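Chain nomenclature is as follows: A, B, C, D, E and F, assigned in order of appearance, with residue numbering initiated at 1 for each chain independently.
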Amino acid sequence: MADPSRYDFPAIQTTFPAPFVAHVEINRPKNYNSFSPDVFSSLARVFDRLSEDENVRCILLSGVGKHFSAGLDVKSASTSGPVSQTTEGEDIARRTWKIRRHMYGYQDGINAVERCEKPVIVCCHGVAYGAAIDLALAADIRYCSKDVRFSIKEVDVGLAADVGTLTRLPKIGISYSWAKEIVYTARDFTAEEAERVGFVSKVFETKDDLIKTGFELANFIATKSPVAVQSSKALFDFSRDRTVQDGLLYTAAWNSPMVQSDDVKKAMMSGVRKTKSTFEKL
Amino acid sequence: MADPSRYDFPAIQTTFPAPFVAHVEINRPKNYNSFSPDVFSSLARVFDRLSEDENVRCILLSGVGKHFSAGLDVKSASTSGPVSQTTEGEDIARRTWKIRRHMYGYQDGINAVERCEKPVIVCCHGVAYGAAIDLALAADIRYCSKDVRFSIKEVDVGLAADVGTLTRLPKIGISYSWAKEIVYTARDFTAEEAERVGFVSKVFETKDDLIKTGFELANFIATKSPVAVQSSKALFDFSRDRTVQDGLLYTAAWNSPMVQSDDVKKAMMSGVRKTKSTFEKL
Amino acid sequence: MADPSRYDFPAIQTTFPAPFVAHVEINRPKNYNSFSPDVFSSLARVFDRLSEDENVRCILLSGVGKHFSAGLDVKSASTSGPVSQTTEGEDIARRTWKIRRHMYGYQDGINAVERCEKPVIVCCHGVAYGAAIDLALAADIRYCSKDVRFSIKEVDVGLAADVGTLTRLPKIGISYSWAKEIVYTARDFTAEEAERVGFVSKVFETKDDLIKTGFELANFIATKSPVAVQSSKALFDFSRDRTVQDGLLYTAAWNSPMVQSDDVKKAMMSGVRKTKSTFEKL
Amino acid sequence: MADPSRYDFPAIQTTFPAPFVAHVEINRPKNYNSFSPDVFSSLARVFDRLSEDENVRCILLSGVGKHFSAGLDVKSASTSGPVSQTTEGEDIARRTWKIRRHMYGYQDGINAVERCEKPVIVCCHGVAYGAAIDLALAADIRYCSKDVRFSIKEVDVGLAADVGTLTRLPKIGISYSWAKEIVYTARDFTAEEAERVGFVSKVFETKDDLIKTGFELANFIATKSPVAVQSSKALFDFSRDRTVQDGLLYTAAWNSPMVQSDDVKKAMMSGVRKTKSTFEKL
Amino acid sequence: MADPSRYDFPAIQTTFPAPFVAHVEINRPKNYNSFSPDVFSSLARVFDRLSEDENVRCILLSGVGKHFSAGLDVKSASTSGPVSQTTEGEDIARRTWKIRRHMYGYQDGINAVERCEKPVIVCCHGVAYGAAIDLALAADIRYCSKDVRFSIKEVDVGLAADVGTLTRLPKIGISYSWAKEIVYTARDFTAEEAERVGFVSKVFETKDDLIKTGFELANFIATKSPVAVQSSKALFDFSRDRTVQDGLLYTAAWNSPMVQSDDVKKAMMSGVRKTKSTFEKL
Amino acid sequence: MADPSRYDFPAIQTTFPAPFVAHVEINRPKNYNSFSPDVFSSLARVFDRLSEDENVRCILLSGVGKHFSAGLDVKSASTSGPVSQTTEGEDIARRTWKIRRHMYGYQDGINAVERCEKPVIVCCHGVAYGAAIDLALAADIRYCSKDVRFSIKEVDVGLAADVGTLTRLPKIGISYSWAKEIVYTARDFTAEEAERVGFVSKVFETKDDLIKTGFELANFIATKSPVAVQSSKALFDFSRDRTVQDGLLYTAAWNSPMVQSDDVKKAMMSGVRKTKSTFEKL
């Protein structure tokens, strides 16, 4: 079992409800789980640790309480951070430079979910606005409950989304026409609409059902060979961004040692014998 | 309000029916709005002007009369332009060179819609064949009326589409298997089929409904911060073609000055006060 | 008509049931059409020949008997090939090197379907597991019968798919969330689900219906100008992997001589006269 | 002979001293040929016309008078253009947006030299500072006279070069270590140093020698097949920026019609007969 | 002045000998400054801090004592780290996975030099073998003393270089033929040879001269506008790896706010008045 | 020792003068070793075999007799092959298609040298024209004798080089300005000039010296670990064409199993003991 004391960071709660499964929750329910600076930096630290934790094979990501997250905590963003500090007469180049560094920091929190070696299942419920969408898009599998209210809110605060939504949305296999309408209007969209276009792959009646089935999926993935599952994630995301030819070259370099794994023999054997394999840690 | 006299080009009619909204119509109804050389060159000029016109924030694109467009005007293509001038004994290299330049010209007319800084909503109705599809694919949002008859007609005239369809179709989030069938057979497809696969994001009963709702969307987008909307378009299209990492780097460089906009403060304030902001021109 | 004697390779049966149409079938029905080394190498040889055979314009790909294919022949894979030869004490670098070369060979068999100049319609029926999916993804158009049972099986044998599935799946316009769930769980999915997400573009009641309609489509495509159809395939696949700008440049270079084809005149004429053209071989 | 009246633009003088050869000169000698807004926009117009002028096959680029160019005209830049108009209280996003558009305009003037279909030989003499280097880097062949004083001056005015130097310098085959030193220090470098590192490929005693030999080279290139020379430029620059594999694919698409040119037969014949060919216009 | 206490890491010594200039030295002289795990991780930490330290504008990198560095500390590599832990019977996939993670860690130490926002001048002296070359290639400017003995040593220990040499060497503007010979043979090359091919841009008689002139350069760069210098580094390295068109787009997005800096006004003014500007921190 | 009978192909002579070293010679001395169709196809077959031949570790490539090669055999090109068969009235699209396929075939002969897993040292002597340059550029290391006369001859026969020169020349680290001059003029350049710009990395007095030293280098490389040398080639060429980041990712995937090779232990041991290792075949 993973050691919970290594995951004690502000604003993010990490638990280990089943063998090889982690549950990461945004933990600011009084603030609609909005993204304070802590949320971004804790996300990076938690997911980078989970990525190398041999006791974790699959991760469920959701919010404590009713809502997944209302997005950027505007109040904390406007009272701290370089965006807020509009010092009179400050040089524009220097201010812009600081903001850019700041954005890299925010992007890094979200990217940590994508670069995490283990699959991440995100469960969206209640409000899922703005940065919550950026976060959801960095996960592998998107589920939601019926009550969810999605919105790519940034345009409504005078911004273009800058921590990943505009970058990942054209690559998740949904209608580009729909995606642009959703972004330009900042309008809400429902669970039903999200499922129809392929934004989420399943919808559940209640948050409870959502989390329950999410864990069933996580547990199921956790029984598979971690060599196989984690290699699949790595090769998927590399290939998405490059030519088929580069994807194939990388796959061959990556996979040629992996197929020598004991997991292959075990898995084949248990396929034949109809037994269940237990795979070593990775 | 934009100055209509700057948009007086042959074969394309441009009007400004509402503040910050332009309506561009292919205007050759007697010829099924087919693409004469004028259509391509006027498209480039009109959209390049709209792109920098501070009085325009969203554009509706449709056809005058019943049909959106029947595609390339075969008659005019075969009586003028280098393709037609099969001078006996002309050097193949030179003829090919002229045709290539010619294609760049055609592509440029279509590309102008994509490189236009403002969102473009295309409303397809009646016949939408060949080059009409190339054009529609360069727009941001695709709507149509129930009566529309789409066809990627090029194969039926012995051609592969060369002004954008084959290039953009694999990137709009629709089934690649369906797309190839549609291209290889040149068969018609209906509004219903187009909506089901995600080629268009909404279907309307009549052309009137289509245009009316199109304008409602355009007007709505025009009320948003132009900094936010236009940045979103720029970052979307850049990211579509590149790695996630390059998309994020470009986003941070682009957005770090943009978030210092007065629009952010205005938009946040009006979010809090439930009022409506008016944004300065861009 | 194509010369069948040039297509006599083990494990793959190639017939020419109609003018310009080839039927390629995996021919190991006693072994569920599983992929022996022969299947991979014969695929490469058959499709490379079809690619340049002027008597072929469209190809149907299916399996002899009830099943399309059960994927890698685990038995033959474990008794021959470098993966099997775990010589005691063999150098890891050298073993890995051999396996990598081996993977290139397997990938080559699948790639031959994609690099084949002619459209390939794959008809999936019965079981379509593992390598069968890699193969189907390299085809242009995917159809299936209602009884099909798809599974991206690799994770269940302790492997990440390495002959194309992970590389091509993010590029066929289906929900990325769904794709990852399917890969990480290795669960079966049905014809209905495959159609809903856009993995296949049509489903048929029985294998007979599937093959029959597949041939109708193949025959129909075979009546079109081969210059137009084959150029479309080439430009489609090039563009899928690159920026829109590179796609357009390549299209102009490729198409500028192609539009000078006699096919264009013929096709236009028959469009006008409502007659049917016969196109010369390519 | 080309028609000089089509090339009458401010700040740039274009003459046609020999058949198929154009001479483009920056023509603001009283201002050290510094780049006013006119220089950028005239460059774009002149080179875009030369690119399609069948009477031109090779272009010499230099400066009227002693100096090639002192770079950006700081005075005109600070009294006109968006950079100068620091309206009190102007929104940063909007100002930045205007400047970005402005930069695209400047880049376009320089890019016109690279996208010009004909080879451009740049002859640097006297002072060649700042934007003069951006311009020289967009040319095909760089020559200079002994008296030249090069400097990538931008850092000394508090700027990073933004119209091409930083983008093209890593791609012209010179020591990256040297290039960075030159840029970070903004120090002068001599003709001798420029030749040693490969920045220029030849140095001449005087401006007269430089121009004279430049014309000899231009005249010589102008006697070659324009199909061959212009194809070479196009394929070179495409390949520089992409993988070898993409370069080869593009080359085959481009060149397969080109090798059918009459020029090939003529050139081969004259090779055999030791005569001189005259090639048709392109 | 930077705060030295923030730079107290094992195996790397960081001092601040002049305003805005840092001196980073590999500090294991008894071990020929060979790369222990500490060296890699301290490099990452030191350079990531320097990158954001507003008191630093240019960095000199060298070795304490006679030698720059003998490369990987083979002893420490073989007694610690996953490469060493050849546990009998360990699964190949799992071992490989650990090594890959380990390599990312090593690469990260080297990459920190390239991603550091400030220019890095590397001064090579004495022995500069293996990992020392990887490190030198990540710096901006390469200088050396006459006594240096370079060698890309990896082949001689049965390895291909994996922390950057093979990746960066084809991109620094030196003869590819020479580079490959040097790598395949692992032979020594001298300062003279390194300068001739452009591997280093200057050679000095002694280490003292080297360091002295290195500091003069560093001090000189430190007097320049940090906005200008650091933007140049960022735009240079981005452009090196991408098409010219992408380089130009990124440059415009990055630079459009930067040119609004007070540094531009200051620098222009001091150019006119022949005075020296002092630039604010960044 | 390699089995010579497997290398018996027309127009190319392959011998094995020393352990692990192959000597490939173009063998049409009566025709100046010009490239007949046989040369291209034999090159592909020979180098693809050498690539997988465990008895070969380094390859020397030269010409039988005085000359390396005069390039394309114009006579054979004009009497056979699709370029020659200008059937009256043949469809341009179909002819172009055939020529394109033909070019892929020629490119494939040259590419085989680059994709060969083993280092190739090319020794140029006598005449090295046209296709001889394409071939030399695909090799790893370029040496020549003093008497060599290089020319990128294609422009002089009315062609742009299409089998690799224009694609690889911008990537070998030589002055781009020089490269373009050489291509546009088709002028001869000498051994001395070739060495100065970095086109070749060494020049020898006579062909005998050239071949002798070439073999010394080949023999030396053949004593090194083949895992190390061949990995270096693979990683070098992959990285040349891609971003540094992709190069590093690929390197880590490739190299993580390779560093577990016995060769590492052997090489380290012999480094310590000052003995010479013998490496197993690969």
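Worth pointing out:
The definition used in the following text is that a residue touches a chain if its C-beta (ideal position, glycine included) is under 8 Å from a C-beta of that chain, and two chains touch if they have at least 3 such contacts.
Quick caveat, the model's predicted, so the values are computed rather than measured.
With steps allowed only between chains in touch, the distance from chain C over to chain F comes to 1.
Looking for a copy of the C-F interface in B-D, A-B or B-E, one arrives at B-D, which has over half of the same contact pairs by residue number.
Rotating chain A by 120 degrees superposes its CA atoms on those of chain B, with the angle stated to the nearest 5.
Between the CA-based centres of chain C and chain D the separation comes to 47 Å, rounded to the whole angstrom. Once the centre of each chain is set as its mean CA position, chain A and chain C turn out to be 33 Å apart. Of all residues in chain E, those touching 2 or more other chains are 92, 96-97, 171-174, 198, 227, 240, 242, 245, 253-254, 256-261, 263, listed in ascending order.
By the touch criterion stated above, chain F contacts chain C in their complex at residues 52, 91-94, 96-97, 101, 227, 257-263, 280-282. The touching residues of chain F, counted against chain E in their complex, run 119, 140-142, 171-174, 198-201, 217, 220-221, 224-225, 227-229, 231-236, 239-240, 242-245, 247-248, 251-261, 263-268, 271, 279.
Listing the residues of chain C that touch chain D in their complex gives 238, 242, 246, 249-250, 253-254, 256-257. Touching chain A in their complex are the following residues of chain C: 74, 78, 83, 86, 92, 95-97, 99-100, 103-104, 107, 111, 114, 154-162, 164, 166-181, 183-186, 197-198, 240-242.
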